[in-house]
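Next, two complexes with chain A in common: one pairs it with chain B, the other with chain C.
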Partner chain A sequence: MRTFAVLFQKELRESWRSFKFLWMPLLFIFLGISDPIMNYYMEDILNAVGNLPEGFTITLPDYAPADILLASTGQFQSIGLIVLVVIAAGMINRERQNGTALFIYVRPISFAALYFSKWAVINLLAVLSVILGYGASMYYTAILYGTVEPLLFIQMVASYCVWILFATTIALMFSAMFKTALSITFTVIVLPIGVLVQSLIGQFWNVSPWKLADYSVQLLTQSENEYYLKTLLLTIICTVIFILIGILFTRKNASSVKV
Partner chain B sequence: MMDINWALVAPLLVIQVVLLIVALVDLIRIESTNGPKWVWALVIIFFNILGPIVYFIFGRKS
Partner chain C sequence: MITVQHLTKNFGAQTVVSDVSFTLEDGSFTALIGPNGAGKTTILSMLAGLLKPTGGSVKMEGIKDIRKEIGFLPQYPQFYPWLTGVEFIELTAKLSGISARGARKEAEKVLEFVGLKDAIHKKTAQYSGGMKQRLGIAQAIVHKPKLLLLDEPVSSLDPVGRREIMNLLKQLQRGSTILYSTHILNDAEEMTDQLLFLKKGKVVEKGSLNEIREKFDVPRIRIQFAGVEEAAGYSSQTEWPTEVEGNVVYVYIKDHFPTMQQVMGELSNSPFTVVKVERDRLSLEEIFMKVVSP
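== the complex of A and B ==
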């Protein structure tokens, strides 16, 4: 526990010095507020840059608050998710490659503490960003479109956070397994492209961790979804398994550190 | 023709300016970057929001 506290502080300081705790939340806040504002001004934007023919009229749909939150989720799932997992995919192996890890590995540390210090910091960052991002999105949606049920909103954010924990855990697991370039490639294939595949042919299955983000937004509109709890449970179980694999590979690959 | 409610758009501008300034200050103070510094300066200044973030992810040598 003592080792964990020291390593956790070290990770936290490193993330702070590389400004991650500044720009990651700012990115999510930006993604969160861009959709409500863009949809609100869509008519003006089309008039200004759309180059529409004279007398052309379009009727824009009346957005419900849940639609705007869905759009914001889409932003988080593309740009936000890519940035977050790319950062996570470099956390363990970058230290091994530039030799910093040597200073840590020569001491009798527990690899579980090492792994969890990184896991805790990246997830602190991720959850903070997601909460601020959804908070900003909800704030603007409430001003411009209307409110949603507060409890459902909290539930939605919480279950989206579970999905984000799953995503960063996968990225960290690859980070413990491979070198930086390879781990980033695998992470991008499994997560953002997984989300893409999910949106293309996802209707063929009902329970998969990649569905959790969709289901969490659907909480706002649909009253009952029999698959939601199963998906949530499956995601949590997968996260735990990937954490264990991650710790295993952190220990196994400790010898691959560059001297 | 377009009357923009500036109170609504201001946060976007604030985020952009904060990221721009932090990235530029860091670029000036850092010893070396991945690739030439002046390219990163252009990227940070001319790409809204994403420029500074791309710099923070790929530009800084750890």
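== the complex of A and C ==
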């Protein structure tokens, strides 16, 4: 426990000094506000740009607040997610590769504490960014389109955070498993490309952690989704399993640290 | 006392360390000597608990978790560039079990000891090579370990830095047992109780410097003449077994004969101009070459 506290402070310090706690939330806030504002002013933007042929009219759909939040989720799922998991995918093996981890590995530490110090910091960063991102999106959506049920909104954000925890856990597991930057390749294949595959052929199955983000937003509109709870549960179970595998490989691959 | 028995390490089919055994007395200073690739770093890594041995054991009298009693300095220490010197030492001290309050004090103390007092609040990214080596030593000794493992502690430094680090280690030796690897033999010659010569993962020779010297010394007298012809002339004339190398003649001593006096007497009666006569001794470097070369 003491080792965890010391290492957690070290990880926090690293993220703080590299300004991750500044630019990661800013990225999510930016992604969060872009959709409500862009969509609201789309007509004005098109008129201002001109170039439309005479008599050409576009009818933009009337968006409901839930539609805007769904669009914001799409932003988080593509750009935000990639940035987040790529950072997580380098957390363990980069230190081993450049040799800085050596001074920690030769000391009487538990590798579970080492793993959790990294897991805690990346997820603190992730959850903070997601909450601020959704908060910003909701703020402008509320001003421009109207509000949603606050309790449902909170439930949706919490549910999305479970997905994000799952994603960073996978990235961290790959980071512990692979000795090189291969971890980033695998992470990108499994997560952002997984999301892509999900959106293309996802109609063939109903329960999968990759569906959790979509189901989270649907909480706002659909009253009952029989697969939601199953998906949530499966995601949590998978996260726990991947945490255990991550700890195992953190210990097993400790000897690959550059001496 | 630390006992290493039959230590072996294979990487796949390749045997990097093979059946290495030695003991380190408390407070002793031992050098691992060997050419590149002899397995020095692998042995140190196994002692530090970073690598699991394929076979054999490392035992420290009366201690279970050996990681608590070890300080380790790698050959090329890499530090977190975003930490200051004192923050880094504080972190390592805490991880070694020093209380949060004591860690800061110990860190400042040890940084002063290694001569980094003025740089403790600088980021380690700004440290020079010599300063990094000192910082590396500081993290290795901050928790006062019983065994200090140093991998090439001075090889990357200039002569001045080398001297300073060796002096630091001398001061340290009163407290800890030190095992260090090197290929710079002058360092080893100076202050080592025990030498372990490694070759292709095996200990090929061990003992104190004097013991090894006696073993490998070929007793001979070296005579330097003014010219090549004179050397050849003396060599053909004398009754002792000799070997000629340019203007130098080696006279081999067998069963204490010839003595220095006998050779000098002979020389003073000869017409050749002598520049220098001495009892020849092998330097550590020559012994090293003898021991490790095939």
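By our rule, the second predicted complex is superposed on the first by the 255 of 259 C-alpha atoms of A that agree within 3 Å, B and C clash if a C-alpha of one lies under 4 Å from a C-alpha of the other, contacts with A are read in each partner's own complex, and residues count from 1 in each chain.
One rule holds in what follows: contacts are C-beta pairs under 8 Å (C-beta built on N, C-alpha and C of every residue); 3 or more make two chains touch, one makes a residue touch a chain.
It should be emphasised that the depicted structure is a prediction, and the values quoted were computed from it without experimental measurement.
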{"item": "Partner chain in contact with A:Gln155 - chain B first, chain C second, else both or neither", "value": "neither"}
{"item": "Partner chain in contact with A:Ser208 - chain B first, chain C second, else both or neither", "value": "neither"}
{"item": "Touching partner for A:Phe30 - first (chain B), second (chain C), both, neither", "value": "first"}
{"item": "First, second, both or neither for A:Thr180, with chain B first and chain C second", "value": "neither"}
{"item": "Contacts of A:Asn98 with chain B and chain C, given as first, second, both or neither", "value": "both"}
{"item": "Partner chain(s) touched by A:Ser18 [first = chain B, second = chain C, both, neither]", "value": "both"}
{"item": "Which of chain B and chain C A:Ser78 touches, first, second, both or neither", "value": "neither"}
{"item": "Contacts of A:Thr3 with chain B and chain C, given as first, second, both or neither", "value": "second"}
{"item": "Those residues of chain A which chain B touches in one complex and chain C touches in the other", "value": "18, 98"}
{"item": "Interfacial residue positions of chain B with respect to chain A in the complex", "value": "1-2, 4, 8-9, 11-12, 15-16, 18-19, 22, 26, 49, 52-53, 56-57, 60, 62"}
{"item": "Touching residues on chain A, where the partner in the complex is chain B", "value": "18-20, 22-23, 26-27, 29-30, 33-34, 37, 40-41, 44, 47-48, 83, 86-87, 94, 98, 136, 140, 143-144"}
{"item": "Partner chain C, residues of chain A touching it in the complex", "value": "2-3, 6-7, 10, 13-14, 17-18, 98-100, 102-109, 254-255, 257-259"}
{"item": "Complex interface listing, chain C residues touching chain A", "value": "41, 44-45, 48-52, 65, 67-68, 70, 72, 74-80, 82-83, 87-88, 91-92, 94-97, 139, 151"}
